[in-house]
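The same chain A turns up in both complexes below, where it pairs with chain B and then with chain C.
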Partner chain A sequence: MVQILDLSAATQADLGSVAAIAKSAGVDFDDCYQCGKCSAGCPMAHEMDFLPRQVIRLLQLGQYQEALGAHTPWVCANCMVCSARCPQGVDIAAIMLSLRRAAKRAGLRPEKETDIFDDIFVGNIRRFGKSNEAVLAGMFNLKSGHLMQDVLNAPKMAVRGMIGPKLHSVHDKDAVRQLVDKCLAAEKAKGQAAQSGGEVSPS
Partner chain B sequence: MKYAYFPGCSANSTGISFTLSADYVGGRIGLELEEIPDWCCCGTSAALVTSADLSLALPARSLALAEQHLPGLDVATPCAGCFASLKGAQHYVRRGTEQRAHVEQLIEMPYAATAEVYSFLEVMAQPEVSEQIASQLTTGLNGLKVASYYGCALVRPADVTQFEDPENPQSMDRLMELAGAEAISWAYKTECCGASHQISEPKGARLLVERIFADAAANGAEAIACACPLCLLNLDLREAEINATRQARGEQPFDIPIYYFTELLGAAMGGSAKQLGIDRHFWPAEALVQRAVSPSPAEPVLDDAGLKPDSADAPAAAPTAAPMAAPMATPEQPAEPAAEAPAAAPAEAAATPATAVAKEVADE
Partner chain C sequence: MSRIGVFICHCGSNIAGTVDVARVVEAARSFPNVVVADDNKYTCSDPGQQSIKEAIVEYNLDRIVIASCSPRMHELTFRKMLKDTSINPYMLEIANIREQCSWVHKDIEAGTVKAIDLVKMATAKVDKDTPLFTTTIPINKRALVIGGGIAGMQAALDIADAGYPVTIVEAEPSLGGKMVMLDKTFPTMDCSACICTPKMADVGSHPNITVKTLSEVEQVSGYVGNFEVTIREKAKYVDYATCTGCGLCETKCPTKVASEFDQGLGQRKAIYKPFAQAVPSKPTIDAAHCRKLTSDKCGVCEKLCPTKAINFADEDKLTTETYGAIVVAIGYKLIDWGALYGEYGGGRYSDVISGLQFERLVNASGPTEGHITRPSDGTEPKTVAIIKCVGSRDPEKGRSYCSRACCMYGAKHAHQYLDKVPDGRCYVFYMDVRTPGKGYDEFYMNTQHDGAVYLRGRVSKIFEQGGKLICKGEDTLIGKQVEVAADMVVLETAMVPADAADRLGSMLGVTRDKDLWLSEAHPKLRPVETNSGGIYLAGTCQGPKDIPDSVAQASAAAMKVAILFSKDELESNAMIAGSDASLCNGCGACVNICPYSAITLEEVTRRENSRMVTRQVSRVNPGLCQGCGACTVACKPGAMDLKGFSDEQIMKEVEALCQW
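So, the complex of A and B:
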């Protein structure tokens, strides 16, 4: 697929945001010489709009908005094969995480289902301190609208003692909730700082 | 041999068979586990994609509690995902005083990261523990062809998990060989199962599981061994669905049960399917393990020479081997793999003198 990018459209703010992604992921985008090994080994590549290599290329060219809106970081399963195999030691998986968090802070979620799933997961931890898998799956179906997904497996799981009516939770629920809230508030503050230009790196 | 035990959220639910089988094996070899008081969810990938701090704070809280209440004990966890999260927090805190202060401020508890964190696989692969396991074996697995599947979380990132070879790990293979299985060589032992994408992105993620089955089948695996509850669930729960899709495409289905490595160790020690949780799988797993632990009466058992009575199983194995070999069939030669399979199975096993000779002749 040939895509025309207007390279002159990269603003100072975009370049600053790209630098912030590099800092947060602990990488230097110039280390990547586009060999494509990351993308060759990526098990989810078939679902991506940009290959991992192409996401890095976008960032190298200052195309921050393109990279931020890419589905790739949300399709990434975080298996880290890319990072393990990069001949230049670029932590591609960390770039995907940084981009995804930045996109979420900016209110973007190109892959709705992945976002819903992870939000419910974290909400589960906030509420119970532990993950209750039946609650997770049930709430995912409700919130994503995939009401019947895996429903036929539920009775089988119940018979096998894999799910049950009993929810497990920590004793010190307040401690875990406060911890989750503290981290989520910090993420939110980062997002607000980015919107007011605070995420722009001085370099 | 005592550890601070981090069960993980799946231990009493989807990973129940891991708990049952690890308890069984642990009981037989004198493994002592003391549960970390009030441990919480490790956050796994959901915390990681949400907030870097959260992905550190959740596992660090449990590790700090272990340090406080179970001082001097290293931490052991069955789940590979929990292992990766716990190791991530420990590794971060060990990087320096600044990092340690950051985490302690997040969890509002002291955490010095003095204790080591081990997966159950690492615990059981230690030489002295493996010796214990060997001493408890009764029936053995009689040459069952097992593909050891490690997945992602144990091996990557290598500098954090400090596991063995990230591309070709061997510890589970060695345990399977120890239990009398034949650890097959295959290419997908550290490929991703899709993790939570099997729920959130099922359409794109099913292919990952199918590829794992296909490579195991192509290399002659009768069973896949796992060390992660999510890997096992993703393979075991989806095998029937993937087979239905394959049949609709005119392709051969798989017939490969998935086991926790502890289930296979426990079976080789004489544990029953019920004791080990093997009766709770989605893809039927009892018959194969039953066959593996029962030496066939049809052929003399060559135990004295340390040889496995594989060839005795060959007629029974053939129907299973045929559909498993089929994914490699070229479309224009559909009959060939089925015809090949009975001959190929004993030759590959090369376990009895007769087949060894046959192989030599064939090689010449």
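So, the complex of A and C:
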């Protein structure tokens, strides 16, 4: 069944949230021609519920909740091909990131595993100052429950020196940790404001 | 003591709605030297003008202020009115209390106070007005047309048919421009050569037209009615007076070069005529590739020529002539898509071709004699993808505008392909289909009925796989990624300004817009004139156009030339700059800043401090000066003044605003 989209039902709060996404991504949704060049070249499009162009269309129409619940931003690999090829210079990859963060703050995570991966990745940076593939893969398998996923790749990665017994870290781990903590605290504060119903900027 | 009359217009409710006119009249009566102040519902109407004329006689006025709409609207009307009175037409000031006051304000109090201020300033300025007089400039009734494409040829033919001599300067070896390269023309599908080559022949044989091919404009000086133009006629190495155009030389020339006319898809010789119907129908030698001229070997054409027309010692010829008007019709070039579109292969794939290359492929006298074949292997493509807006509507690659003709020639290419390859498949990728023109949309719909599949979406990437060119796109109407495995891809590329636009624009004092097209004087009301008097635009040098629009603009430009030539003399602009030789220190700042090259330095000998002194001072050419005022700002010693806008007048306005 084809659903009817009631365009006039977009609330002022929805429009405000759409504007906040635009601001945080540094884009103007009205720049988009809807030409589809972004979606034509997207390597992850086959896994998406909406094509990147359609996500922008939802935002153009003020359909914030629909865009926030979309899987597309969580499937996006941030390869930036869309942003590089857009004739209007719209940074589509940045929109995807902004939407993902706004969704997480709203307590939504359409793709649970992407969220788990994100958290582990940030945690990794916080601990070591950089990502350790072995820790990342191991923890992801534990938390996601796919215990044996990609295990067969481990020997090959070890041979190429991509993983090893020694954990990599940066020179000044504490400085990086302070940075990450600061960002996380800011994000958390915004999340709480969002929960209490206030209109917030996702940036 | 001057005797000033002030007339305030209501403009119906346009002014009176926001400005208390009675208060403005009352205030005006108190300004110095104002003898009479009055108001009128419509000052520009006949009764309004009549009442001013009567007041001039009754109060013996010697100058007037009219507070009304913008001077751009009615200053000329009121100047004409003053011609019938005792007052010089330039003893008039307009206070703009409509566009710059009533229309932009809602508050009656603030609007009225501002209107009084504006009238006050105009009254102070008019007090210092002096009578100005126009002079006459003789008109040289010969026209120069730069560019021999369809627009240039049409303009030249029309001017010549009106009875005036015309010279066409064409950079290529033949007339015809881009149009003669096309196969058929939309939407009627008449053969381009069949309608273009007769025009070329008409131009070539017209008694009033001189054609200079392989030539360019080297230098332009002078002004409307009197342009001194130096033309460089490049060496052709063939004496056109003796050459009969038999073509024997061409058959024996051993050097083969990629043909510019066939867009690199075919070959030509080093001595060549670009195409069979070229006008003039005589060959030229390409000096860069001729063996005789590059390494002093060969010379076979010279030996063969039955009329001994080959002259390897030929040199460029410079001629200087005077013209009264210039029509610029230098056309466009196609965007260099290879440098910009790496995602479309950047020119790596020989079967990704431009629309103009497709025109040559499908043309019966083209390199394949009209058989549509792939440039790479000569096979017939069974699937063709046509991609529109390549370079157009793509600000990230530098061009935000729509090239206007591509939707139609894209549809034409699809139609032509399906006509010649009935079992072929054709996919057209588009963003929007724009078909505003007589019979245009019907043509597009017919192309869909021919079997062309229109896909709304821009292609993201083209890559080669298994001998096919894979075009990745999205059909945005169903919201799915699509792929077309094409044998050949045609890119409908953007029109961009011709290379010569830069040099000619600055030489002729014609400005260029943000996309570097030559600018018309007004986008709606003066679409063929430029800001430089006597210089007109025709065709795509002003912006992307199709053939009907180019021809229409060319005829319009020709008409403007004919109007100019219908008079023997031209009235000059009275409000021009003038230099006071006693103040001028000859620094030359005005010469450098003048956009119309109207100022020169000249040596004068004059008596200063009781002795004769010879020094440089600036002199304004009244025919060239357009009264822009740039020189008056640049002049440090204050020698340069704009008549009607003198420093003294402007200072009086400021004083009135600050002190009265």
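The definition used in the following text is that the second predicted complex is superposed on the first by the 179 of 203 C-alpha atoms of A that agree within 3 Å, B and C clash if a C-alpha of one lies under 4 Å from a C-alpha of the other, contacts with A are read in each partner's own complex, and residues count from 1 in each chain.
Quick note on the criterion: a residue touches a chain if its C-beta (ideal position, glycine included) is under 8 Å from a C-beta of that chain, and two chains touch if they have at least 3 such contacts.
Only a predicted model underlies this, so the values are computations on that prediction, with no experimental measurement involved.
Colleague: Once the shared chain is lined up, is A:183 touching chain B (first), chain C (second), both, or neither of them?
Modeller: Only chain B is touched by A:183; chain C is not.
Colleague: According to the stated criteria, A:49 is in contact with first (chain B), second (chain C), both, or neither; which is it?
Modeller: It touches nothing on chain B or chain C.
Colleague: Between chain B and chain C, point out the one touching more chain A residues.
Modeller: B
Colleague: Considering only the touch criterion stated at the top, classify A:40 as touching first (chain B), second (chain C), both, or neither.
Modeller: Second partner only.
Colleague: Under the contact rule defined above, give the chain A residues that sit at the interface with chain B and also at the interface with chain C.
Modeller: In chain A, positions 46, 81 sit in both the chain B and chain C interfaces.
Colleague: If we count contacts the way the header does, which residues on chain A are in touch with chain C in the complex?
Modeller: Checking each residue of chain A against chain C gives 33-42, 45-46, 50-51, 53-54, 81, 85-89.
Colleague: Which part of chain A faces chain B closely enough to touch in the complex?
Modeller: Its residues touching chain B are 24, 43-44, 46-47, 75, 77-81, 83-84, 91, 93, 97, 100-101, 104, 111, 113-114, 116-119, 121-122, 124-125, 129-134, 137, 140, 144, 149-150, 153, 156-157, 160-164, 168, 170-172, 175-176, 179-180, 182-184, 186-187.
Colleague: What does chain C use to touch chain A in their complex?
Modeller: The touching residues are 343, 389, 393-397, 431, 456-461, 472-476, 479-482.
Colleague: Going by the contact rule set out above, which residues of chain B touch chain A in the complex?
Modeller: On the chain B side, the touching residues are 9-10, 12-14, 16, 38-41, 43-54, 57-58, 61, 106-107, 152, 155-158, 166-167, 190-192, 194-197, 199-202, 204-205, 207-208, 211, 237, 280, 282.
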